[in-house]
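Common to both upcoming complexes is chain A, partnered first by chain B, then by chain C.
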Partner chain A sequence: MALPLRYNVRNVLVRWRTTAFTVLGIAAVVTVFVLLRGMARGIERSSGNTGDPRNILVVRKGSQAESGSLVTRDQFRTLQYFEEIARNEKNEPVISAELVMIVSAPRRGAAGEANTLLRGVTPRGMELRPQVTLKEGRWFTPGKREVVVAQRLASRFAGFELGGTIKAGPDRLTVVGHFDAAGSAFDSEAWMDADECRSIFDRDMYSSILLRPRDEAALTNLVARIQADKRLSLRAEREVDYYAKQTMTAMPIKILAGILGVAMSIGAVFAAMNTMYASVAARTREVGTLRVLGFSRFAIVLSFLIEGTFLAMLGGLLGSLLAWSVYAVVLLRGINFGTMDFQSFAETVFQFRVTPDLMLLGVLFSAAIGFVGSLLPALRAAQLPVISALKSL
Partner chain B sequence: MGFITDYIQLQKAKLAHERAFLHLLRWFSPLVWLDYLLRLIVRRFGLSYLTFIGISALRNQRRALLTIISVAVSCALLVTLLTLQRELTVPPESEAASLRIIARNKVSLAQPLPAKQLPIIEKIPGVVAVSPFTFFGGNFREETVTSFAQFAVDPVRFKDLIVEGHIAEGTYEAFIKDRTSCFVGADTMKRYGLKIGDKMRFTGTFYPVDLDLKIAAVFQGTVDDRGVFFHHKLLDELMGDPGTVGTWYLRVASAGVANDVIARVNKAFENSSAEVRAETERAFQMGFISMLGNVKLLIGSISAVVVFTLVLVTVSTMSMAIRERFRELAVLKALGFRRTELFSFILAESFGLAALGALVGIGGAWAFWTFMDLQKMTNGFLIYFEVTPRIMATGAVVAALLGIVSAIAPSLAVARTSVVEGLKTLD
Partner chain C sequence: MAAPPPVSIVVVRDLSKIYRQGDINVTALNSVSLDIAPGEFVVLMGPSGSGKSTLLHIIAGIDQPTSGSAKVQGIDIARLNQSQLADWRNQNVGFVFQSFNLIPVLTAAENVELPLLLTNLSRKERRLQTQTALELVGLADRGHHRPDQLSGGQQQRAAIARALVTDPALIVADEPTGNLDAKSAADVLEILQSLTRTAGKTVVMVTHDPKSAAYGSRSLHLEKGELVNDAK
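Now for the complex of A and B:
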């Protein structure tokens, strides 16, 4: 027969002074773990949810990021007339040759500069990215030195507010609007007119080409055709696949979360073990009494395991809630985080996300800590000889 | 749950000699040795305060061990985090680096500079040497991410810039002569098992060209022995002579004039089509750190949480240890020991345990990071990861404070309890 759960719960609560420290310690471990995982999740989300599966992005063979790619005008001209490309109502091919530049800008409120991505975009390119919507101000006028920046990016850089200016070479670009890209990678970009962009940076070539094939069959066909064409030396892939690969940026944080999770949980396991050993030692007589009453050794082991796991899960719950409240504060105050994307060398803006499944993961993590930590003390409790246990003070 | 009952059955059936064997096993624990040593000392010289504290601390071996390990793990983690922070925020510094200046396009590093700026820079007073310095950013062989950089330089001009490098006599001349050759850092040579005369093939990622370079010379003894340097002429040829360079690399006569030279270089190209931002090599490297964003804050706050957890764990263990001995302490009180003496017992015990944990943890972290081949393990992401004495001292100070802080609560409890109450406790 198993011991009632209430016995364990009340035991944990009645010895709250001893257990509080352990619970808090485990809570701290879980908070760090959940927050870091949430950060990695945020970065992955920002690039993972970018693009349209119907679009194809073309970059130079061998280049890892758009910003490091070069596409010549000849290549663009050749590509433009491929019959697989869809056409709009005006019978123009739905293809956009774009320029992606890296511009360094001063950070808001802090010392130092960071790189930002400036995209020279065409009307077709904007149609191909419907997730980008204007929030404030207006779109840029073609042929003018105007720029529209992502709202999230604007919160991290000085001079990115409406009416502010961005220095690009000898010229200054005026910020005329803010856009929102629904948490996609474009939330880390600033957009301007493609031709104007090429003229101020004195660039003859484009960086990348975004296009929409007629249908799924045309898409497969086109990708194969571009890959096979030695003359073009370009690489074509689905826009979503291209951005999915960029999630590499989240790797360092994921690794950090893993290492810290393991190292801190070792410490937490020992803390839980200590608490449970002390709890067993203080209850020697109680355990003896239970055995005399007829509870089996197995019931005792189970009882202490449950108690240790419950104790740790209290910490896990607390930690998850703590992580969530940090997230809530960040969300309410609209704070954006940024880190360097190692592929484009430009800042990626992201928002960390603490979702219910991450919180559940945190609680499970703490349960594992509690289980491992209480295994040995529980076995010890079951091994206590009944008579001497009863005699002990 | 079957295995648990099995285990218990096994324990039941355990024979006497098995128990004796377990008893022998105990002698593998260093804590047991320490305990034995203390008892020997007591037998020879009698009980002193120190030996009394030592024996008390080690009486519950399991708890002492768990405390020491948890403090050790946390200390090791703290030291590792501080080292990581240092690695990311303080790039390697050498004396010669303060003499070197990097001039890049003001727009961003990705924007090239016109090659025709060279004669103007050369004439600026204070400039001793200048060479084009273009980051190629290629991938070596079939790698998708290559962790060492390749730079196109002017071989003759560059010779005056690398005062601190060590290149074998005569080999640099071979590099100058052959325009398809390169010189390579010793670490890279070792990592890929290369030797002089071997070919290195790079696929361009920023430049739409591939390189085929022959190794002519090896350098070593700089702060970073990983780079590959090749002729800028070769890059120009492959690119169809665009008349641009990535950055300019300058050396100034003395550290004192560096700031003047920077100001003059910046001024020389003001309002031109390619404005320049010159900065010292160190400031340039710090710029990359700034781009990493909130990483510093992130690691800082994680360290704070680690320390906080450390405090919680130790405080709870100490209060458990003292609670176990409440009656004993009451007896000591009854025998006439004063509060201050009892406090010093507790303090010395917790301090000692924390110190042992710190010794194991910090020492372990130091040994681990010093003797591991990190560069290989992290694919060149972490190079030095030097656990400096300063970081170790920080860890030790945290552990010492920890020992003191965790003694406070139990001491207060002991001080507050009267002898009679203490003797009556059953917990």
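Now for the complex of A and C:
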């Protein structure tokens, strides 16, 4: 049988002056940890829920991103007549040849410019992306130098408000609407008419082709057919798979979270260890008394482990709540975050999220810190012979 | 029919304890032998450093002799290993310290209940036994107080309740009145005395004070690790 938990809880609370610093330190570590994980989660989500599993995205073989891909008009014409492609009510093939350009625009409320993606899109292309819905204003009219931008981008770039203008090549485009892309990657884009886009930038080629096969069998067939065609030299894959790979953007933040997490947790472990060593030293005679009463060495080790873990978990709980408050403020103020996409060097907008499971992860993280930190102090507490523990002052 | 001879509860034979300190050997106990019968209130006296605490610790199973044997209720405690000793102490001996040694964050009742957590008594039985022990030392209404809310004398009585809550045959006390005023000391000594007279417990107590020694049924004197006389 072990010592009662209230013994540990009260010991932590009674020593609050010395434990408060450790608790706050661990809370800070857990806050940063949870926030970074929340950011990585937000980026993953924006790439993760982009696309329709029934769509195929075609880019040039060997190109990593749409913006770096080139598809010729010949290639498009060949593809267009493949019988695997679904047709709409007007018997047109459901296929969209699009141009993705990188334009730079001044940041709002900060110095310098940042890149954003400008997509020349067709009516078919818009049908293929029903998650993109108009929120404000209207859709662009082809030929009028008009553009519709993601609502989330509007808060990050100057001139992206309704009536504002964006510099595109030699021309300026007028913002006539804001769309919402339901947290998908399109939330980081600006859309205009595809043909107009090609003429502004004087491009003969497209960047990518989005199409909808008739059914699942046709999809498998078509992917295999395009991949096998040496003349076409194109790469076809499900739209969702393509964007899932773009999740790579979350890697830098995950790596940062990893490095910071390790560095900070080492510090936190030592803080916990220090506190627990002090606690053990102050209670040596108490430990001796408990052992005289018949408590085993194991019961003593367990008790100090529980105490250190509980102490750290107080910090973890506090840190998780702190991270959640940051999230709540962000949510209330409607702040969006941006990060650099390392393939297109365009800003990717994402919404970071602190969810209950991330908070639980934060608390578990703190528990691990407490457990590791109190291991050596707990062993020291149990190591002294009963008689020496009793005689210590 | 003749009554059977009283079986000793404590049998100590040729007990020695030598501490090594660097190159010097300190002989704390030198070939001590003694017998204690059940229900005796034995008082251990002697100058500082004469080995009183050492002898008490060995009898109570919290220290090990260098040579010789110490049997309590027929069990040679020097032969038990660490974890057997821990269990043995829990079930067979109650310890009262000079400075009470109550756990500061636990209430008097929680302190008294501690040794019972190692038994397989139910929660209800534990509460009952704790309350009985507190009543026995006159602290029935102080169970929910923390040690720092009790006087020295009350703390020592709580410690006695903790020592006897598991109903051990042997209670050892190392200068239990050393930190108490005369009135509190008398209270504590009366409790210890009544334990031997009415509950049949055996008490071994170390003290410097001849007035305290008067409560005992027998006095033993140690001098430089040896028993000098064994007189009633």
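Here is the rule we use: the second predicted complex is superposed on the first by the 393 of 393 C-alpha atoms of A that agree within 3 Å, B and C clash if a C-alpha of one lies under 4 Å from a C-alpha of the other, contacts with A are read in each partner's own complex, and residues count from 1 in each chain.
Basically, contacts are C-beta pairs under 8 Å (C-beta built on N, C-alpha and C of every residue); 3 or more make two chains touch, one makes a residue touch a chain.
Fair warning: this is a prediction, and the values are worked out from it, not measured in the lab.
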Partner chain(s) touched by A:202 [first = chain B, second = chain C, both, neither]: first
Which partner reaches more residues of chain A (counting touched residues only), chain B or chain C: B
Partner chain in contact with A:103 - chain B first, chain C second, else both or neither: first
Chain B versus chain C as contact partner of A:24, first or second or both or neither: first
Chain B versus chain C as contact partner of A:11, first or second or both or neither: second
Touching partner for A:386 - first (chain B), second (chain C), both, neither: second
First (chain B), second (chain C), both or neither touched by A:297: both
Shared chain A contacts, counted only where both chain B and chain C touch the same residue: 297
Of chain A, residues touching chain C in the complex: 1-4, 6-7, 10-11, 14, 285-286, 289-297, 386-387, 390
For the chain C and chain A complex, residues of the former touching the latter: 57, 60, 62-63, 82-83, 86-87, 89-91, 95, 97, 101, 103-106, 110, 114-115, 117-118, 162
In the complex, chain B residues that touch chain A: 1, 4-5, 7-8, 11, 62-63, 66-67, 69-70, 73-74, 76-77, 80, 106-111, 137, 139, 144, 203-206, 208, 271-275, 286-288, 290-295, 298, 302, 305-306, 308-310, 312-313, 315-317, 319-320, 323-324, 381, 426-427
List of chain A residues in touch with chain B within their complex: 17-18, 20-22, 24-25, 28-29, 31-32, 36, 39, 60, 62-64, 67-68, 70, 101-104, 107, 111-115, 167-170, 201-202, 233, 252, 260, 263-264, 266-268, 270-271, 273-275, 277-278, 281-282, 297-298, 301-302, 337-340, 345, 347, 379, 382-383, 393
